[in-house]
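Consider the two complexes below, in which chain A is the common component and chain B and chain C are the respective partners.
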Partner chain A sequence: MTPAQWRRQIGAMLRKEIRSEIRSPHGLLTGGLFGLLSVVAIMFAAFNMRLTPTLAAGLLWVIFLFSGVAAIPRSFIGEEENGTADLLRVTANPFSVFWGKSIFNAALTLITAAVLTGLFLVVMNLQVAYPGLMVASVLGGGLALSGAVTLCGALAARAASRQALAGAIALPLVIPVAVWGVTSLRVALGESGYEVGRGAAVGLIAYGVASNAVGPYIYAALWKR
Partner chain B sequence: METLKSAQPTPGSSALRLLFALVTGFVILWSFGVNEVPTFQQPELARILFWHLPCPIIASVLLGLGAYQSWLYLRTEDLRRDLKAIAALELGMLFSIMTMASGIVFSRAQWGSWWQNDPRQTSFLLVLMIYAGYFVLRGAYAERVRKASMSAGYALAAILPAMFLIYVFPRLPNIEGASLHPTQSIMSGQIRGSYAQVLTATITLTSILTVWVYRIRIRVGELELQAHESLGLETPGGGAAPHRVVRPVRVLDAGGNQAAKGSGSTDTAGQG
Partner chain C sequence: MLRGENLGKRFTDRWIFRRVNFELQPGQVLAVVGPNGCGKSTLLGIVAGLIPPTEGRVAMDSEKFGYASLAGELYAELTIAEHLELTADLRCCEPRTTELLSLVGLADSCDAPARTMSSGMRARLKLAIAVQDRPPLLVLDEPGAGLDRQGAAVLGDVVRAQAKGGAVLLATNDPEEVKLATHELEFA
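Up next is the complex of A and B:
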């Protein structure tokens, strides 16, 4: 395929995902509500405490992980439940399908993460020491989460109790993402040296690139089985 | 039947097993003969190293082997590759559990509590969770080819985070300093003399035992596969009868007697 054909196919997939989401905003609502409720729960638990950067970064990443795992697998599971997966298999290229869905999921994760981070910083009264590092951490985290969890959604899509299964198999794969995410976020919130945080953010972005590069090959090997 | 006959033990293999048992017994006795380590809180428990250290080494090798066989399965669609992957990952999970169990005992003896939140302990627990994810995914599919394909995809996707958790994470600068767990004991030559000799012997013996059990597991899987392919039988390994198999079952009436002809003496399982 030529680059123009790739762009056209991935663009078509992305537009399809956006239209589906506009028609029925399941992913945004699930991830957003899950994250929002987690923030509110933390507000209740820590109403008279001042969170340290490490604790705040850890809690924020727990929210990212669980809201991502709740929302992202939906993109593949929905195709199976609506009976449109076979149509995709007949008409589309697996790489375009995966990348289209992964880009959409990355955007969804980033929107959710940006809103939740802003809310968390305000309600917990936290100061950001390195805004650039925080943006890099959220960006890299969104990319890494979308790549790994999209693949797990595809793997679980045709199983029984698929939504819970996708979450259960995705979490062990994204914990390393959380390790880097927490490290970079706590530096962004003013703890430890900048170099450590920058290294962790680079690790996050590298994991995101690797999972989005390897994911389509694995998906292509099994999408018609 | 030829396959079943070849599974019978030969006199040569019996002699090898006896030799292996004798050598293992000797190494166990030898391990109790080495000096205690006075720097340990309980000096005699330093010997747990001989059986703890081979476990994570073998578990990580088996994880890599499982991923490699899964990759070969996805390329060739040969179910025997899937058998090799599952054999490697089952054994890998067993060795991971043994790593955790012996590590927890060691933690209690040396550091005073069963669980220390040590980064190394936690990262290996996550590796165990990755293995568990593989088996959960495998169990969620009934159809053999789909089961094999999806779990192979997961094994490949899991290898990068697993290797990160085993080799990279415990050596990160801010983690290595905070961990109670030594990460460079072998590479920096801290294990010397009789400790090094016994450790070499236990790693060798455990590796031989692993290869042996791995081959037995593959053999069992091949027999299951053979039964599944030739007879269409359900197997303990999770294989279901292939589609479009019509299998007669006896239908009994309320009194336990076989139902009369014409009213359906047989029924069928599976749809044609």
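Up next is the complex of A and C:
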């Protein structure tokens, strides 16, 4: 295929996802509500407490994981459950489908992560020691988290117990993301070890790129029964 | 154009069908007929590459084909026109939206979301999607289910037009649709 054909196919999947989300905003509502409820719960639990950078980073990543893992697997699992997957199988190629959905999931995750991070920082009155590292950590974390859960959704979509399998597959894929995420975020919030924090942020970005590069090949193997 | 060689499909320990052989040449319409549950849809799913056969193989001259199935769903939030736009982009072909909607009688409903469509309208849209890329082979699984008399006439026109240069593999229990066929493959 030519680059123009790739752009056309991936663009079509992305437009489809955006239209579906605007007209039936499941992803934003699920992810956003989960995240918002988590922030509110932590706010009440930590009222009058001063959070250390490590604890704050850990709590923020709990929020990311709740919102990300809840919302994203539905993009592939939803196609199977709604019966629309065969329409894609007879008209599209798996790489374009994966990348179109992956770009959408990444955008959704990044928007949710940015909003929840801003809200969390304000509500918990936290100071950011390294703004650049903070941005890299949230962006990298969003990219890595969306890559991991997109892949687990794609892997689990064809299974009989999709939801349960998606959760089980997500565990080993998401743990490295959470470790790197907390490491980079706590340094951004003032913990010592800038080099370690920067390395973790780079790791997140690399993980996000790798999961999106490898994911479609795995998805293509499961594309048709 | 299409050949099925010794096809068989088993689910767990139950064979749905075995040793099915057929050949389809340009200009032919092959109707797969049989009682409910005999494996007609499964056979068409195998031909479309959606279901792997347990044994045997399918040989096609071209990978390009159009597929429409009663069981297949559409995107509830997308309009009729947006479905055709989506499939055209995914196939990298011309959308032919106006032409196809006129062909299947949906020109007045192009902005209607799929969730508001009747079963007959969905069947017509699936037919439009199947023929959009002018495929040499059409694989139609109970395409007439839910169609009114006008819709059935549209289906007949599409099948006859397709048979002029291409071929059609059709699974049906409708005697009127069987009349469109040049050959039959009967499942017990």
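We adopt the following convention: the second predicted complex is superposed on the first by the 218 of 225 C-alpha atoms of A that agree within 3 Å, B and C clash if a C-alpha of one lies under 4 Å from a C-alpha of the other, contacts with A are read in each partner's own complex, and residues count from 1 in each chain.
Keep in mind that, in the parts below, contacts are C-beta pairs under 8 Å (C-beta built on N, C-alpha and C of every residue); 3 or more make two chains touch, one makes a residue touch a chain.
The structure displayed is predicted, hence computed values, not measured ones.
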{"item": "Touched partner set for A:N48, first chain B, second chain C, both or neither", "value": "neither"}
{"item": "Contacts of A:A12 with chain B and chain C, given as first, second, both or neither", "value": "second"}
{"item": "Comparison of chain B and chain C by chain A residues contacted", "value": "B"}
{"item": "Chain B versus chain C as contact partner of A:Q127, first or second or both or neither", "value": "neither"}
{"item": "First (chain B), second (chain C), both or neither touched by A:I175", "value": "first"}
{"item": "Which of chain B and chain C A:Y219 touches, first, second, both or neither", "value": "first"}
{"item": "Those residues of chain A which chain B touches in one complex and chain C touches in the other", "value": "225"}
{"item": "Chain A contact footprint on chain C (complex, rising order)", "value": "48-52, 65, 67, 69, 71-78, 82, 85-87, 89-92, 113, 129"}
{"item": "Contact footprint of chain B on chain A as seen in their complex", "value": "148, 151-152, 154-156, 158-162, 165, 168-169, 171-176, 179, 183, 192, 196, 207, 210-211, 214-215, 218-219, 221-222, 225"}
{"item": "Complex contact set, residues of chain A against chain C", "value": "1, 5, 8-9, 11-13, 15-16, 19-20, 23-24, 82-84, 86-92, 96, 224-225"}
{"item": "Contact set on chain B toward chain A in their complex", "value": "74-75, 126, 129-130, 132-134, 136-137, 140-141, 145-146, 149-150, 152-154, 156-158, 160-161, 164-165, 169, 173-174"}
